[in-house]
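Multiple structures are listed underneath, in structure tokens.
Across the two complexes that follow, subunit A remains constant while its partner is subunit B and subsequently subunit C.
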Partner chain A sequence: MKSISLYEEKHSFLNGLSPETKLLYVIVAIAVPVILGGRIPFFAFIAMSITLLAGSGVLRNTKTIVAVSGFILITVVIIQTFFRGGTFTELFRIGPLVARKEGFEYSLGIVLNVLNIIFCFCVFVLTTKPSDMMQEMVKHGISPRLGYVFVSLFQIIPQMTEHTSTITDAQRSRGMETEGSLATRIKAFLPLISPVIMNSFTDTRERSIALEVRGFSSTSKKSFLEDFVPSSADSGMRIALIVLFCASVAFTVLRVMGVIAWLR
Partner chain B sequence: MAEIVINNLRYRYPETARLALDGISCEIHQGEFIGIIGRNGAGKSTLSQAMLGLVPNFYHGAYGGSVTVDGINVKEDTVDDLCQKVGLVFQNPFNQVTGSKLTVYDEIAYGLENFGVAPDEMRRRIDSAMELLDISQLKDRAPYDLSGGQMQRMALAGIIVMEPEVIVMDEPTSQLDPQGSEEVFRAVSALKDEGKTIIMVEHKIEKIAAYSDRVMLLDDGKLVAMGTPKAVFSRDDLAEHGVVAPTYTQICRKLGIRDREGFYPVTLEETRSLLESDMKGGLAG
Partner chain C sequence: MSDKRTGNPWKVKMSTASLVLIPAAIGINYVGKLFASMLKLPLWLDSIGTCLSACLAGPIVGALSGLLTNVIYGLTMDPISTVYGLTQAGIGIAVGLMAWYGKVNKLPGIIVTGLLAGLVAVCISTPLNMIFWGGSTGNVWGDAVFAAMGSQGFLASLVDEIIVDLPDKIVVLLLTAGIYKVLPKSLVTLYQAKDESLD
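Our next item is the complex of A and B:
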């Protein structure tokens, strides 16, 4: 069955890091460029994330995400470049439209920020097994019920999709038009959706009992079959990230105080 | 010693007028295989869920009488506590998959993780359960990718790793093909050999006849009869209660072949041994 999880096991460097370390990377990658200011830190972190993703063999999985957000980013660039208000320096002209330098620079800032966030989140999401993530969350005091809801979605949604397609096939085999114009599709939707919904209601009761009898609401302390063992690089990475974060804060403070000059 | 004692159990689901269970009393002993039969709506599933206290604690509704398991009144206890004594397996294997685990092995571990069993102990129990149910080769497969019979055995494994003394099964094979249900029955008889008490609601009458030590016949929420398969299936009023006797019982009834106690045989084996002893008797006489 197809899983909707974006995770793939590649036994890579990133797979070996604990979810917390990767989450720390996400925080540092978003915070540090903002703290430091300027564009170079953004470029550095984007390059870093891309290198990490490529190293883990999941770079091509970011394609869709980048393509979708890229489309939005391009519209941002166009609108900001041509229509940003206030005083402006002309870059070039297309007919009546004037490209404005300020607008372009402003949109570039947005693009870098968004790309940085996307890539660093990809580092986390594409290389972390959902159940490991949940396990860590539960260990850190998040309710196991919430953890269950989060993780089970990855399997229950594809299962429901499969179920829906079975019902569609059944309806179609009885001569119902399920494809064609919008009106046909809407007409086909009702007899399709009612068995799906009714079934889920009855299934939910049985499912919840089945979970209950396996200690779903148990108040005893949980244990875990596979304790996630991070690779030896994990703690080193964590320290490096914290050092980097502290260094960037210290650097900014010193710069503001005028002790060092920051090249822009 | 009786493991489960049901005393004048009466139960009505919320917002219904009819009693789903009406004055049921019986005792079930340790290591017994009890088959529960009866027409749809007779109260079989309700009775099986009453043994875990799901009736009334999960469904609510009006409840009278008592069910005690190992001296514990199930109504007074929590499902968490009881499910370590009594395991429950449902008919639809799909609904018993937690959906939060990626492999069969992890899936079976689910209940143990909830009760904080140590990982080494978990592995020991899971390995032995998988071996018992003959699913060791599936341990790295995805839970939803299994066939019905495999999935049902996985669900059963998820229950037996919790080492309950009693396993209640509510039509565990009704959604399986013949091969799948044969797999489940083989697994169940392995459990019986381990000394587990098994209570099974089942429509496959031949299987019930072959595996049960005693059969409970329910109709309209009442316990009509409880006894050996031979005794129950030799009753004259089976059709009134919506139950069809096993094929061999029907044949022997038509032919008037009875054993010494006056009961008709319920399986091929019993029929054959009865006929053989008759023939020997005939030859000797």
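Our next item is the complex of A and C:
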């Protein structure tokens, strides 16, 4: 069945780690650079995430994710570089616009932070099967019923988006315009979205009956179809991440107390 | 649309019907956003599903639909949008409560609900915009104003978000109310049947 999940089974190092460990990596990779401060930790974690992704053979799958956020990042850089208020040092001029050093440096910080978040998230998202994520959540006490909702999403959304092109074509063949002035385009929205909504609600009724018939509301203990067995490196990785996190906290505390100087 | 309902809106039994409503609502959010970008509309229109499910099944289902929408965005397209799940959850709660108390009935009520949902969204999104994007929203109109206001500070970011969110949420609520009216009665009663036990 078609799924929107970006997960790919490559039998790689990252595929073998438990979802929990990878989530811990995400948290550590986001928190440690913020705790330490400066730019170097961001570069280090971005490089580490990229290395991990490349090692698992999924680096090219990051393309779509980077493209989505990359577009916003470009606008952020432009806005901050040319329009940031306050005193500024001129870098260069394009017509009436002055590029400002302070704004550019500020936007660079945002870019680094966002790229770091994107890449460490990719480590988690591209190498973890949605059903394994769900299993982990259920093991940690989330209701299996919500777990079903989570996993089913990956299949229901592509089903619904497949309908969209059919609906667009059908409405166009009736003479509806989807291009032109803003008013025309706004008018086109309702005829496009309402069939999707009606369809999905009808499906909802059928799905809830189908689930009930199969004992979805049963209160007996649920078991798992496949049990995820993490690789031997899993616990080692987890300890290393925790040590890294504690070390960065300790380092920052010592630095604030003035015991050690920040090496820059 | 929905009449005033009795009972505690926070203590709703999670029936199977409410649970399967969540994926449907998320799908509607997803498709709404897809159509809005296909038609190149200046609005997001990505919370129709959240509002519909909140009207049908109350604030908790609305909040869950909203939160999970952004979790799914985060897992499939844009990792940072995960944190904006909080915004969507806030919208779900606001709309769910207004609908529960029968305010999403006539045009003034619908617009007030839209404004309220928009304000909730602004209050939650602006700090997130500040933390992750230095204050900009990624929407052309809002960001143009943000740039004109010196592209820094909380106020500029707040105005940036208000310009986009308030019209967006009002349009979403109008669409939601319109769609809700034409929903089959058999579907609506699935969620709004009085809790009468047959035992």
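Rule of thumb we're sticking to: the second predicted complex is superposed on the first by the 213 of 264 C-alpha atoms of A that agree within 3 Å, B and C clash if a C-alpha of one lies under 4 Å from a C-alpha of the other, contacts with A are read in each partner's own complex, and residues count from 1 in each chain.
Rule of thumb we're sticking to: a residue touches a chain if its C-beta (ideal position, glycine included) is under 8 Å from a C-beta of that chain, and two chains touch if they have at least 3 such contacts.
Computed from a predicted structure; not experimentally measured.
Of the two partner chains placed by the overlay, only subunit B lies in contact with A:134; subunit C stays clear of it. Judged by the touch definition given at the top, the superposed model places A:152 against both subunit B and subunit C.
Once the two complexes are laid over each other on the shared chain, residue contacts for A:39 go to neither subunit B nor subunit C.
Once the two structures are superposed, subunit B and subunit C can be ranked by residues of subunit A touched, with C on top.
Of the two partner chains placed by the overlay, only subunit C lies in contact with A:186; subunit B stays clear of it.
Residue contacts after overlaying the shared chain place A:203 against subunit B and subunit C alike. By the touch criterion defined above, A:217 lies against subunit B and subunit C together after alignment on the C-alpha atoms of chain A.
Residue contacts after overlaying the shared chain place A:226 against subunit B, while subunit C stays out of touching range.
According to the touch criterion, the shared surface of subunit A, contacted by subunit B in one complex and subunit C in the other, consists of residues 148, 152, 156, 159, 203, 207, 211-212, 216-217. Considering their complex, residues 1, 129, 131, 134, 144, 148, 151-152, 155-156, 159, 203, 206-207, 209-227 of subunit A touch subunit B. Interface residues of subunit B facing subunit A in the complex, by the touch rule stated above, are 49, 52, 54, 58, 79-80, 83-84, 87-88, 90, 92, 94-102, 105-106, 109-119, 122-123, 142-145, 155, 158-159, 162. Residues of subunit C that touch subunit A in their complex: 14, 16-17, 19-24, 26-28, 30-32, 34-36, 38-42, 45, 48, 52, 64, 68, 72, 74-80, 132-134, 136, 138, 143, 146-153, 175, 178-179, 182-184, 186-187, 190.
Residue ranges on subunit A touching subunit C, taken from their complex, read 4-6, 64-65, 68-69, 72, 75-76, 79-80, 82-86, 103, 106-107, 110, 113-114, 117-118, 121-122, 125, 130, 145-146, 148-150, 152-154, 156-157, 159-161, 163-164, 168, 178, 182, 185-186, 188-190, 192-194, 196-197, 200-201, 203-205, 207-208, 211-212, 216-217.
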